[in-house]
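What follows is a set of structures for review.
Below are two complexes that have subunit A in common, paired first with subunit B and then with subunit C.
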Partner chain A sequence: MTTISQPDDATVAGMGEPARSRTTRRVRGLSDRTIAWLFVAPTIALLLAINIFPLVWMIRLSFTSLNLSMSYLPLRFVGLDNFTDILGDEDVWMRLQTTAQFVIWSVTFQVIIGFGLALLINRQFRGHSFWTTIILLPMMLSPAVVGNFWTLLLQPQIGPFNSLISLFTGVPPSAFSMTGQVSLAPWTIVLVDTWMWAPYVMLICLAGLRSIPDYIYEAAEVDRASAWRQFWSITLPMTVPFLMLAVLFRAIENFKMFDMVNLLTSGGPGSTTELVSITLKRAAFEKWRTGYSSALAIILFVTVFGAANIYVKALNKVKQR
Partner chain B sequence: MTAATSTAHSIVEASPRSKALAGALVILYAVITILPLLWIVATAFKSQSDAIAYPPKVIFEPTLEGYVNLFTVRTRQTPDFIAKLPPPETWYDKLVRQRDMVIAGPSKVVPRFVNSLIIGFGSTFLAVFLGTLAAYAFSRFRIPLADDLLFFILSTRMMPPVAVAIPIYLMYRQLNLTDTRLGMILLYTAVNVSLAVWLLKGFIDEIPREYEEAALVDGYTRLQALRKVVLPQAVTGIAATAIFCLIFSWNEYAFAVLLTSGEAQTMPPFIPFIIGEGGQDWPAVAAATTLFVVPIVLFTVLLRKHLLRGITFGAVRK
Partner chain C sequence: MSGSVLARSGLSRWFRRGPWETVTMTLIGGGIIMLVQPLSMDLYSYSFVTILAGTVGYVIVSHFPE
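So, the complex of A and B:
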């Protein structure tokens, strides 16, 4: 701190070896404007090279019939054929529906559990900080590793999950398979995703709850508002912007979901849990239909981007209120 | 607070009974939520037969077989052959021979772990370096279209990873970057730099400009002021950002599985394919998972204060 408040010439001059002071002298002439561009340019360049250039290339490919397993064929432009194929394909619509259901249910459960936990933790009982950290652990893990070890936990006979359920309900553990049964598999991916991400919603809601100043509750107390009333007219409305932020982040992430589900069910049984990212992976990296999958990727990106934009606008409106 | 404590049932200061109830419910949830992880840690210490026993075993005799299997490749031999061998030199040789097997060499887990470390630290260093420079510029200078640029930086993160992997795969094939550490480092840097810029901008915004301005008045150049005044103040924020980037690269699966197959493969695509005789070697998989997860648990505890910022791209700060 002392060097900041009173830097004498000695500290500046004695900054080290002659080589370093030579560099400093050279850049002394740089204007703020130059420095700003020098600082921002590498990041922008990297993103252009790794994100934008490939994106543009992909847009071009989406108008071709390129198939990497037959890449000896000359590149043929097919116009909008890939797009019309995809949008007219009932299977793709089914996959989008599966994805939408997965997003809606998992986010709903995460909001209910996350918000509930946040309300409870906000009571500030003893040791709440330690238990909060424990609850947060699942969301920090690798989704792929999570998907993989849940396959063990959910094995009908050797996994503990079915035995636990059987303990409470009396249904024999081998009578059902969480990942192998058409009726259960979609709920299984929702269950594991909720296990993983409910803490995420909790953490954001907790921030929302803590942002409410005490005096509002004190005023409500003076007015003899019931706890129920306080919840509906103070707690909930003031946490809504935070809640919506959590929903936005989770919905985008789950719409793109690939890793956890790919390892947990790999889309099966049949295609009951085949999310659209898994369809995309199969088209691109198993059937090698690069042109087709580029078009699908663009459709997905536009969907995420469009939905996110609409949602952010709604979010801003809520914030203004 | 005094006004609150006087009214017994205020939400501001909850009554002891409601606190106890809330505590009990949260602890119950925490215990249930941690059970799957504990089961995996326990499975790592089971023998192959205990790991796949029906009904599942809660009490078992612990063994290090899982860890030994994780680190070695073994071949099955006849008991006669094993009897003829010289006595085992190490405890793990002994353990393996009890199963009529002989260690044939090290498994690929160490190279995969090293890949995870190199790619993780490499991309984190680059992303934080680039991110700090860009964040400082966005925070302190007037950059035309700054908001648009920041939004552009964020939007690169909205692409589904599988979609990004399609053109990257083609591009890397042309550039000979497929299945190389350099290729993965560049890719993860590009993904992480958006997080780094957004988080670090928040942290640098919080450092009062007056400190630098005083330094500038005293004859420091911009770069000197950045290095000697701003960076020391931003050190916690930079560390937190670095840990977030590291966790992302450490955990990433989609790019890793689609763009690497051997040389540059990291742990997440490797772990599910640890195979024993007749399918997945669960004790070894569990051992790998445990070793893989321990650093994340430590980081989570370290990051507690900044977790919220990190997961919301700095949108929520407290």
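So, the complex of A and C:
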């Protein structure tokens, strides 16, 4: 802690401005710059230890043949072999396609449902705040909770989801399994992700809708524009930047998706819902191919980092509006 | 590199942030599409290099003057 003691007048009297300033600094003991560094240092140290060091270590490992199940073998540098292996591996390519399909479908549904909900919530009605809170609830849950919760809901024997479907279609509840059938499992992860994240898209769209000034709609009313025309010519164009932001953010997040899908299906049945993050986990912690999985992690990291650059650019454009 | 140095050397016409950012962002976007497309293994093989070039390029050009 710094002690600030005031120099007496006799000491200060007769001194020039720079000399006085030097004395004050010496009396304080620590300069402002040092104090600022002292405050920031723990954060920087933590960042270096938790983020930067593992990243640099991972980059180093990606050029080696390290396999943790055979860690007694000497570490061998293999250059770019891990990268060429991954970029020539049809299995990884298929998993990336599965990930892309999951991203495309879930983001599409989230945008449609989120935008629809935002249009509804944007109107003033009785119980408005209550319904907004109810809609936002799924987004506030942890993905681990959502994964377990939906696993129970989708149980063919005891889960209420199958019973509900059975009520409408007449198909017996135990005749199908949402997470166990090849044709249904990909749609199940899309359904659960949409349930969880459509409210987030709704929030962003709501911000966009509330940013449209009322006088534009009033001018449209004067010009006798129909509600449909107002939607296509005012509401939609002025919300598009916000929608783009939501699409980019959700696409990046879903590209990295792991926890919820791992809990719901663990990538099965077979590898129908195996997203690339699950492939990465299997390579790293089931096959113990550390060098290979480090290289795959770097490929995913660079992809997400590149996409995040585009996202930040879009965000700045929206801010300038 | 400062804007004034670029202006003095006459390079500011070429090294403007806007167009170069568009180029690098196109590279990133194109690379991501190459990574996840189901059509060609060759495109997939070159996707990472494309994304890396775009990302490194973006970091560089974001320091260019407006």
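By our rule, the second predicted complex is superposed on the first by the 265 of 321 C-alpha atoms of A that agree within 3 Å, B and C clash if a C-alpha of one lies under 4 Å from a C-alpha of the other, contacts with A are read in each partner's own complex, and residues count from 1 in each chain.
What we mean here is this: a residue touches a chain if its C-beta (ideal position, glycine included) is under 8 Å from a C-beta of that chain, and two chains touch if they have at least 3 such contacts.
What you are looking at is a predicted structure, and each value in this text was computed from that prediction instead of being measured.
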item	value
Partner chain(s) touched by A:M140 [first = subunit B, second = subunit C, both, neither]	first
Subunit B versus subunit C as contact partner of A:K313, first or second or both or neither	second
First, second, both or neither for A:F83, with subunit B first and subunit C second	second
Touching partner for A:F305 - first (subunit B), second (subunit C), both, neither	both
First (subunit B), second (subunit C), both or neither touched by A:A100	second
First, second, both or neither for A:M244, with subunit B first and subunit C second	neither
Touched subunit A residues, subunit B compared with subunit C	B
Touching both subunit B and subunit C, residues of subunit A	305
Subunit A-touching residues of subunit B, taken from the complex the two chains share	1, 3-4, 7, 9-12, 14, 18-20, 22-23, 25-27, 29-30, 33-34, 36-37, 39-40, 43, 51-56, 130-131, 133-134, 136-138, 141-143, 149, 152-153, 155-156, 158-171, 186-187, 189-190, 193-194, 197, 211, 214-215, 218-224, 228-229, 247, 250-254, 257-258, 268-269, 271-272, 280, 282, 285-286, 289, 292-293, 296-297, 299-301, 304, 307-308, 311-312, 315-316, 318
Residue numbers on subunit A that touch subunit C, as the complex places them	83, 87-88, 90, 93, 96-97, 99-100, 299, 302-303, 305-307, 309-310, 313
Residue numbers on subunit A that touch subunit B, as the complex places them	3-7, 9, 12, 15, 24, 27-28, 30, 32-33, 35-40, 42-44, 46-47, 49-55, 57-58, 61, 117, 119-121, 123-129, 131-145, 148-150, 152-153, 157-160, 163, 173, 195, 199-200, 203-204, 206-207, 210-211, 214, 217-218, 221, 227, 230, 235, 242, 245, 249, 252, 255-256, 258-259, 263, 277, 280-281, 284-285, 290, 293-294, 296-298, 300-301, 304-305, 308
Parts of subunit C lying in touch with subunit A, wherever the complex brings them together	21, 25, 28-29, 31-32, 35-38, 41, 44-48, 51-52, 54-55, 58-59
